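We call the chains A, B, C and D, going by the order they appear; numbering starts again at 1 in every chain.
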Amino acid sequence: MSKGKRLACTAAIPLLVCVITNLICMAKGVAMFESSLHVLTLIRAVANVILVTYALSINLNSGRFDFSVGSIALLSSVLSSAITLKYGLGPVPMLALSLLFGLLLGLLSGFVYITLKLPPMIISLGVALFYEGLAYSITDGHGISFINNKELLGFGTIPNYLIIIVCALIFMVILFDQTTFGYDYKALLSGQRVAVNTGIKEKKNALICYGAAGLLMGAQGFISATTTGSIQMSLNFGSIGIMFTAFLPMFIGGYIGRFSNDKLGYLLGAVSMAFISLTYVRLMVNSSVQQVVSALLLVGFLIYLNNEQRILSLFRKTH
Amino acid sequence: MDNEKILKREKLRRMLFSFAPAAGLVILFALFMAFAIAQDINIPYSLKNILNQSVIVIVVATGAIFIYTLGSFDISLGANMCVSALIGAMVYGRTESLVMMLGACIASAVIISLTCSVLASVFNLPVFVTTIAMLSLLNAAVLMLIGANGTGDIIQVPAEAVSSINTIQFKLFVLLAYLAVCVFAFSFLKLGRQEKFMGGNPVCAALSGLNNSKLAICAFALAGLGVGLGAFLTITYAPTLSRNTAGSVGMDVIISIVFGGMPVSGGARSRIYSASIGALSMTLLSQIMLMMNLNSGISQMVKAVIFLLVVFISMNDGRKTILPR
Amino acid sequence: MKTVEIRNMNKRFGSTIALNNVSFEAYEGEILGLIGENGSGKSTATSIYAGMQKCDSGEMLFMGTPWNPSSMNDALKKGVGMIVQENGTVPGVSVAENIFLSESQRFKKGPFVDRKRMINEAQTALNQIGADHISASQVTAMLDFQDRKLIEIAKVMANNPKVLVVDETTTALSQKGRDIIYAIMEKMKKENGTVIFISHDLDEIMHVCDRLTVLRDGSIITTFKKAEFDEDAIKTSMIGRELSGSYYRDDYGDPAGEEVVLKAENLCHTNQLDHFSFELHKGEILGIGGLSHCGMHTLGKVLFAAEKCESGEFTVYGKKVNTIAEAMKMQMGYVAKDRDTESLNTEASIKDNIAIAGLDKFAVSGFLILPGNEKKYVQKQIDGLSIKCTGADQYVSALSGGNKQKVAFGKWLGRESEILILDCPTRGVDIGVKQAMYQLMYQMRQEGKSILLISEEMAELIGMSDRILVMKDGALKKELFRSRKLSEADVIQYMI
Amino acid sequence: MKSFRKILVLALSFVLTFTLAACSGGGSSEGGSSASEGGIDDSKNVKIGVLVADATGAEALAFRSYYENYIAKQYNVTFMYSDELTDAAAEASAIDNFIANNCKAIISFASSDRPAQIRKCAENKVYYAVATGTLSDEEYAEFKDNEYYVGAIGPDLATEFQAGYDMAKFYLDQGKTKFAIFGGATPYYTDMHIYRTAGMLVAMCEAGGGTYNGASDFGSMIGKIYEMNCQLEPAKIGSVEVVSYIGGYDFDDAWFGKLAEAANNPNVEVLLTVGSGLDTFAAFKQESQQLATVDSYTSDAVAAMKSGVLNYLAGKYSASIGPIFMATLSAVQGKPIRTANGEALALSQGYWVATSAEEAEKFYAVDSSTEDPAYTRAMLDTLFGASYDDFAKFVSAYSFEEIQNLKK
């Protein structure tokens, strides 16, 4: 496939989504980007979705289903904001603390996985419950609020979000495409038994995967906390909702990944999702309509993805 | 050590492992009784209460075992139950007949469950993603149903209409009847064996004449039946339905099945009774937590630790050289 | 100078004894052959020496010093390389990454991996063994089985090992691949290296090896020097007892039945079947022979309706068959070549595997399955085929190769199948069990069952079939009839 | 053998986890002062179950701390808290649990199915009381004579309407005309939020001289909202305008975007919220805008008033659930507080409204203290077995100043 065609296919979906959403807005007589706030809303949505998509895809691609991503974001943001408020630190130290706690919680979750050697989905159920309970106990149910702290709330600007997005992309590309860990990860992904027999240390690799996923969720927790200035507690799997926002971008990213780097594919998938979210905002769509549209988009794209040959041959026949 | 002795030990160990969940249940029951006596609570009422709270999850989880045996996974059972209960209540509103309500609950639950499996098999989508999409669709459907019914945020069935059947005897009857159907289908019909075989090795199953989509449809239909009965029991237990009805059932079913020792990948080691053991154990655990009057955060942490411990002991055969997926 | 030395090595897998106090050694500039049945321990001993697994007890020496590699890579770096029988490459990554699997550490430039250098070194390794038609940057999944095996060889030779273990690799390779391996072994021998060569093919071993050690049931039987090589002596030492009775069928005059049970006309399927037509008669063993990619395996699947052919059709007792379920109703059975994934569910018990195909046979009034009937139905097969196991509930994964194959047979015999498609039924089975299989096939023929015997072993086809159809590139090349004078050379000439 | 060791480990770990958790659990009450005047029998510990509708909201936690950190220390009572109850079935299970644990009475904050709750308690001879809420007229008619139904104290729907009305009026009187409204749980048909939103709109109709899609008074406005399936739209109301409206609690990117959009609109002067103002508009509010909400007097809310993030706070003071507790205790100890003809309590109580930081701070000081809360033990003891009129007089004096007078 030539470079040009490859580039075209890579950009196809995000451009298509951008054009369609703009047309819909225009049809309703609303401009998509009226003020810089809309750009901020778009970029914040991209940052949120891309971090969850990367975190989930690290483990899901190697067949490890993970319910605990949401609870790691919750607990790491609770811990980091508690310390930040206690010592009056600024947003950057809070982000650093959030990343650190995310990493540690991810490593702990990975450690439990490699010691108990149970299916990852079961481990993540236990870990999600545990982290939610711990966050609730630490804040005694109140969660944390810092809406008066202008400095922390001030973090949410377009440049800051762009920096986080770019750092996440670079982090993923380097960690998974350039390092020895990345090489071993890809080998384990598609040939687990052969890779382990040859001598790749699977436990160490899995631990780093969970650590990296935790790190990313730490950043996501920080972003959602500094967006509203408050962290709501949730119990009984209240925190797993966020992972469902990552499925459509992950499948879009997987499709785009065939034509270029899959990390870039996930990012473009997240950008497409952000355009859709912005459309919901601009048209003030109520939440039940929003849910139906998102579900139909997910199923629609999956139907295309899993029946591509049939659809293309049908398409060729009719033309 | 000669061959025979090792084989015996091997067989004994596997048998013991399959009893770990049951042992977990017995130990939890013993602890519950210890706390109950220490705090001098009304034990008969509490036991009735435990059954009342578990019966709905047992019915839905036992039905869901047919889906898990095939190695697939359904997170939208709770949402399905909510929609079916709302439809059942609306049907009662128009027909004033409990039988019609029961029929409506079961019919809508089975149809919803089948659309999920048909969607997955016709468009060959991965089942677990289809159920996630169904979850959003059903949540939206709930709001629309409530809106259409026009009675504020709830759809109600008059309490006296269901009070006659809101009894332990009726619930036990429904539970045991449904369990009998499931145990019969699972252990005495071709369906059960074929599903266990398909869950273990789909390629070999196909080459032994088993029809994957037929088995999937039967599995999702039986699970739908379970969800329909669960919806009916929910209405009888609490006849006021809202958008949050059966909110936690989706995850409770997964936890109960896994806690009962059922392998997540299904196959030959699937057991029909693991749902009942798991559901009862989880309810007992919550009762114990309540009696200790812990703050809800700590009690959820204790629940998480015990959940991982029991599943670790019942599932870990220790010989795995590569990490499970 | 002794390069390889193994002393009193023991190893057990759950209940089966793999190695029972095994000791042997190999010298510089020598090709040592290891021969023995499946489950004799030859692959186990060498894979322990090459670091793939640990032994329970025993001592190992390499060049005189104690030897205990932690992994295959560790062993390879220290001079002992192994080429395994099963697939040893990871499909989803590039050829270069396969060659340097778990060695990406070596190409670190600062924190990152220098991909270009890795690809260059991989390409030189490929060129060194003469596999320069493979490009190192290509994704491995796109290569066929032959080239992927060459990648493994290149990987091992890139470390120019002192000792090379070749474990039954040649059987699956094409002539080009075999020549590459023979060249490598000769080169190693000249440069005073050691090669341990494991193979089933007696002629190949006698031709290539300097010495030959025979293993049986996990212990060393004897070692032959090149001068003492004699086919029969080796064979008897392999099986340990005179083969009682004839190995194959010894009747030559008994004609098959006249009635046509299965008729196929002009079957076509992509590049696998090319207007293939034939008839199968009642009480006949029809052999289908050819090289491994001649399309005969696809034929087996098409006739069992497991795969759809593009054109042409086949009828069983005059009726068309479209699904596997219909084929089974017409009393057809199919024992697949890939036993552990297509014939058996190793996760389940013997009872599950045998009963699954015959549920309708012992169901009361068509739907009710009673454990008693099931047990009886399964036990009849276990006793009939004398399957060695602790009981019907033992998991199939714990059985030996021969017993697994018996379970696969039991699955179809249980439902009294009249037409049996057997695809390489005796592959990876001990000679003792093989003989039992042949006697069983003959007995089934006498009972009037029809057998389509697809096999890659010439001796088996000639020994067992009433008629042999030789296939090449999907087409029927030659029809040969059973006769005492029929030799392997007669058959091979039509295959190549 | 290896496997028996594993089962042993299982048993051991159970016992260990429980003993560990048990000792860290909430300690039981130390028992209040001995029998004091007014005949309250403090000798026997009374177990009271509390049905929780929201386990993480600031208001719910403030109520919980008043009961657990003050009342439980003053009286010989133990409070058993349920998990967060989201539907009628969860409420039924929680009540069954309390009955099994010998609770003598149940105070309920959960309102999915009040009649079912009352019936189940009455059947099992357990006293039932409604905290910070009310029964509908039909419900009250059905249960007012039931001896196990203690009664309800809290803002009735008229009071909720009034709270919304006063909030909007406060700013309309200042001449503000451009509003953004956060409708909270209106799309989920939650009455409390529907009536507050209706109050705001009616106040705007009166000030703006227009109608909201044809409705302008109390009755028609409620009907209009239901008619629109509780999905309200921005609209011009005469000279006043609802520039933007957001409903629901989605907490996803689109939801934050909508809130930011509403707050960022240059000509929006006032952000009115039916609840959780701090978690919605606070982060997006501009300096020039005013933010009003209905919440409780927590340290965060008061800090927000001080920093000017929050400008109008109508809140239920945490001690407002003191009287219903005393009514329940009296009933349990045989001195029920009934009307002349034996009917249950049905008293309305409104909000403390703070429109300046000083006011908020003053309310907070009283509301959050566990030594001298709004209703101390001494004040509550006067209600033990009191006549309906005295009880009603005490409860209706709920404004901050009136409570200070009661204290003297």
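A few comments on the model shown:
As a convention for this text, contacts are C-beta pairs under 8 Å (C-beta built on N, C-alpha and C of every residue); 3 or more make two chains touch, one makes a residue touch a chain.
Fair warning: this is a prediction, and the values are worked out from it, not measured in the lab.
Of all chains in the assembly, those touching subunit A and also subunit D are B.
For subunit A, the chain with the farthest CA centroid is C. Here A-B and B-C are compared, and the pair linked by more C-beta contacts is A-B.
Separating the centre of subunit A from that of subunit B, both taken as means of CA atoms, is a distance of 30 Å.
Averaging C-alpha coordinates per chain places the centre of subunit A 46 Å away from that of subunit C. Separation between the centroids of subunit B and subunit D, computed from CA atoms only, is 35 Å.
Counting partners per residue, subunit C has no residue that reaches two or more other chains. Residues of subunit A found to touch two or more other chains are 136, 140-141, 235-236, 288. The set of subunit D residues touching two or more other chains comprises 55, 83-84, 187. This structure has the following touching chain pairs: A-B, A-C, A-D, B-C, B-D. Subunit B meets subunit C in the complex at residues 3, 6-7, 10-11, 187-190, 193-194, 196-197, 200-201, 203-211, 267-269.
Across the interface of their complex, subunit B is touched by residues 62-65, 112-114, 116-123, 125-127, 129-130, 132-138, 140-141, 192-193, 196, 202-203, 206, 235-237, 240, 244, 247, 251, 288-289, 291-292, 294-296, 298-299, 302-303, 306-307 of subunit A.
Across the complex, subunit D is touched by residues 9, 12-13, 16-17, 20, 23-24, 27-28, 31, 39-43, 45-46, 48-49, 52-53, 56, 143, 146-147, 150, 152-154, 156, 159, 234, 237-248, 287-288, 290-296, 298-299, 302, 305-306, 309-310, 313 of subunit B.
Residue ranges on subunit D touching subunit B, taken from their complex, read 1-4, 6-7, 9-11, 13-15, 17-18, 21-22, 24-26, 28, 55, 78, 80-81, 83-84, 86-93, 96-97, 99-102, 112-113, 115-116, 119, 187-191, 226, 229-230. Interface residues of subunit A facing subunit D in the complex, by the touch rule stated above, are 35, 37-38, 40-41, 44-45, 48-49, 136, 140-143, 145, 147-148, 153, 156, 227-230, 232-236, 245, 274, 277-278, 280-282, 284-288, 290.
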